[in-house]
Amino acid sequence: MTTVRIWTDAEVERDPAVKAVFDDIRSTRKSDFVNNFWRALANDPPTLKRTWESVRAIMGGDGALDPLTRELIYIAVSTANGCSYCIHSHTAAAKQRGMTDAQHMHLLAIVGMACETNGLATGLQIPVDPEFMV
Amino acid sequence: MTTVRIWTDAEVERDPAVKAVFDDIRSTRKSDFVNNFWRALANDPPTLKRTWESVRAIMGGDGALDPLTRELIYIAVSTANGCSYCIHSHTAAAKQRGMTDAQHMHLLAIVGMACETNGLATGLQIPVDPEFMV
Amino acid sequence: MTTVRIWTDAEVERDPAVKAVFDDIRSTRKSDFVNNFWRALANDPPTLKRTWESVRAIMGGDGALDPLTRELIYIAVSTANGCSYCIHSHTAAAKQRGMTDAQHMHLLAIVGMACETNGLATGLQIPVDPEFMV
Amino acid sequence: MTTVRIWTDAEVERDPAVKAVFDDIRSTRKSDFVNNFWRALANDPPTLKRTWESVRAIMGGDGALDPLTRELIYIAVSTANGCSYCIHSHTAAAKQRGMTDAQHMHLLAIVGMACETNGLATGLQIPVDPEFMV
Amino acid sequence: MTTVRIWTDAEVERDPAVKAVFDDIRSTRKSDFVNNFWRALANDPPTLKRTWESVRAIMGGDGALDPLTRELIYIAVSTANGCSYCIHSHTAAAKQRGMTDAQHMHLLAIVGMACETNGLATGLQIPVDPEFMV
Amino acid sequence: MTTVRIWTDAEVERDPAVKAVFDDIRSTRKSDFVNNFWRALANDPPTLKRTWESVRAIMGGDGALDPLTRELIYIAVSTANGCSYCIHSHTAAAKQRGMTDAQHMHLLAIVGMACETNGLATGLQIPVDPEFMV
């Protein structure tokens, strides 16, 4: 299905640049499991490294938003963009970070509501109120 | 610019169905200001009423997510959908609910990151790992 | 604002390939007005010709759907895609073909509803019921 | 595949709030079949109720547009948004409301055409003609 | 899965209008293989003919961009639009036209980067610099 | 219009982390002009730095695709995503890298064509041919 090769652990072992990123993923997440997204990006080590370091900084490092809220936002964007893979992987990540079923369903209600008013506001071509301008 | 008429307060006063919704918006928000979105929806009173009641319930009522988190999710979806009006109105709402500049920029960093990995995962057509399935 | 040159009537007069398409637009629509979309496409006469002939066939020719329904569908797609120009031009076309204010607002209510359930179904990753398969 | 539980009829029977909505779906549609969308929303009874009542009012109630046209618009939006589930469910609904194969293919030709000119108009950043302004 | 019938070669043989297009596809591509996209469009011969002639002209004819670059652009758009079918078919076409694995991964890195900055620029609602205006 | 502050040169001078990135942008591009995108990201120095370094590597460094092709892909994605700012900034960048008017119009014809077949393939829900699978 994928348009590129999904790297196995044996293949990762043979490429030091890829192995270094996989080692960091495993130690950062405290888990041996590395999901297909990184195994596909392994085909391009610089993109693998850059993407992982960005994800680690934005989703895992210090920051103004708490870890669960970050995942909720990630699910929201992935849903609006229709990315099935990211919906699944970040719904799993959100559950690991404590998302309850009630929070999950509230999130989806907000996503649906936002999509609806986005459609209405766009179809109506409503001008932004001066009160909302910075 | 708008594709429909934006109702003035004088027009609202003359239509009891619209006025009832505007009164509820004003008392719920404790503010006389009613933004253009509702003034455009006033052209269709049943849609005005249904949309307002949904927004009030999902964004303002009890729920598993706190009020600020709800607005962050709304901005995230509106950004992914490219709805300029909703980005402005919900960025203003989030600030009213206490969003700091640091939270705002962290939110946007997550939105950008999610859009990037959505694009990568879609272009790679990565199969969902069995570990992510419910 | 546009990324290409918008052709004036004088420029159109000097290019026979462009003029032929503009003449056909004017005679088909029984109006001298040619909107900016075609004046921008004039920078690429083969694309201008191909696009106009497709639009004329699909939106203007015989077909299983009536002329107004075609415009409603065009507005719906343009709204979901966030194309401000096409929302304006096809809302105007729909009004020319008889769209009432009530039909316009009903259209937008459906667009909003569809966007909402699209967001919900995508976020929930609901499998298609076998009953819906051809 | 779904990110939430799909409720069985037995589970629905045990939850009065969910059962009330399912009963209304069945009696409104005069059919025992309730599709997965509602079985997934059952995880959040208020969202289930609100969404069903909105769908019932917009798609099934009185309105300025006829029932088939409503479904054509729904398919158009769902296609532009890339929602596979809604494309399947509303294509089935449109067929139930009498959509012919010729109407279906005409619909898709319009959707494709609109997507093409949306892309062109957006890439060209064409300014809206003053003639199209309300 | 498809919402329409996929035509077999035997069915194509019986419809002269469809057969003429299929013959042209086969002779243009110097291959007997005709992919499902055309077999689905066969349900609407005028759309089949118009779409094929447009694709042949834009992707196969003379033009300012070389054949491989055209396919890279096609993949980029299909990825941003989330069209799984077109990602697969045009990734295959790009490989036939000589796309290397390194070019494929560079393409996807650009697509991801563009999606990220699109998200950032939209969320920030940045005004276009006068320097970028034509 | 923007939802954050656009930093002036005077403000940039007072923040060493932001100044370092702006200095690198100026020396890399051999130009004093720094566009609004970076002046908005200056509100979040780590995101400014990370985004600039990614853009510099992907769009400016060595790579399998030539500099102009990279910009064409960027425009294509930005158009599909409806990001007006990025369409303008990368159309300007492509022209700086030698994009001719004919290449620009061919690019847009491909973008339009891809959007059309994306819409058709999605509405038809066409299954991927086994021949296209890796």
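The first chain written gets the first letter, and so on, giving A, B, C, D, E and F; residue counts start at 1 in each chain.
We take it that contacts are C-beta pairs under 8 Å (C-beta built on N, C-alpha and C of every residue); 3 or more make two chains touch, one makes a residue touch a chain.
This is a predicted model, so every value here is computed, not measured.
A.B. asks: Which chains are in contact with both chain B and chain D?
C.D. replies: Common neighbours, chain B/chain D: A, C, E, F.
A.B. asks: Just tell me the minimum hop count from chain B to chain E, counting one hop per pair of touching chains.
C.D. replies: Contact-graph shortest path, chain B to chain E, evaluates to 1.
A.B. asks: For the copies chain B and chain F, give the interface type as same if over half of its residue numbers appear on both sides, and as different if under half do.
C.D. replies: different
A.B. asks: Please work out which of E-F and A-C is bridged by more C-beta pairs in contact, and write that pair.
C.D. replies: E-F
A.B. asks: Among the chains, which one keeps its Cα centre farthest from the Cα centre of chain C?
C.D. replies: Relative to chain C, the chain with the farthest C-alpha centre is A.
A.B. asks: By mean C-alpha coordinates, which chain is most distant from chain E?
C.D. replies: Looking at centroid distances, B is the chain farthest away.
A.B. asks: Distance from the CA centroid of chain A to that of chain D, rounded to the nearest Å?
C.D. replies: Computed value for the inter-centroid distance: 27 Å.
A.B. asks: Please work out the Cα centroid separation of chain D and chain F, and write it as a whole number of Å.
C.D. replies: Computed value for the inter-centroid distance: 34 Å.
A.B. asks: Multi-chain contacts in chain C: which residues touch at least two other chains?
C.D. replies: Those would be 1-4, 47, 51, 54, 77, 79-84, 87-88, 91, 102, 105-109, 111-120, 122-125, 128, 133.
A.B. asks: Going by the contact rule at the top, pick out the chain F residues touching chain B in the complex.
C.D. replies: 3-4, 43-44, 47, 51, 77, 81-83
A.B. asks: Which positions of chain A touch chain C when the two form their complex?
C.D. replies: Per the stated touch rule, the residues are 75, 79-80, 82, 84, 87-88, 107-108, 111-120, 122-125.
A.B. asks: Residues of chain C touching chain D in their complex?
C.D. replies: Within the complex, chain C touches chain D at residues 1-4, 6, 33, 35-37, 40-41, 47, 51, 54-55, 58-59, 63-65, 69-70, 72-74, 76-81, 83-86, 88-92, 100, 102-103, 105-107, 109-111, 113-118, 120-129, 131-133.
A.B. asks: Can you list the chain D residues touching chain E in their complex?
C.D. replies: Contacts found on chain D: 82, 87-88, 91, 101-102, 104-106, 108-109, 112, 119.
A.B. asks: Applying the document's contact rule, which stretches of chain A touch chain F when the two form their complex?
C.D. replies: Of all residues in chain A, those touching chain F are 1-5, 46, 50, 54, 57, 128, 133-134.
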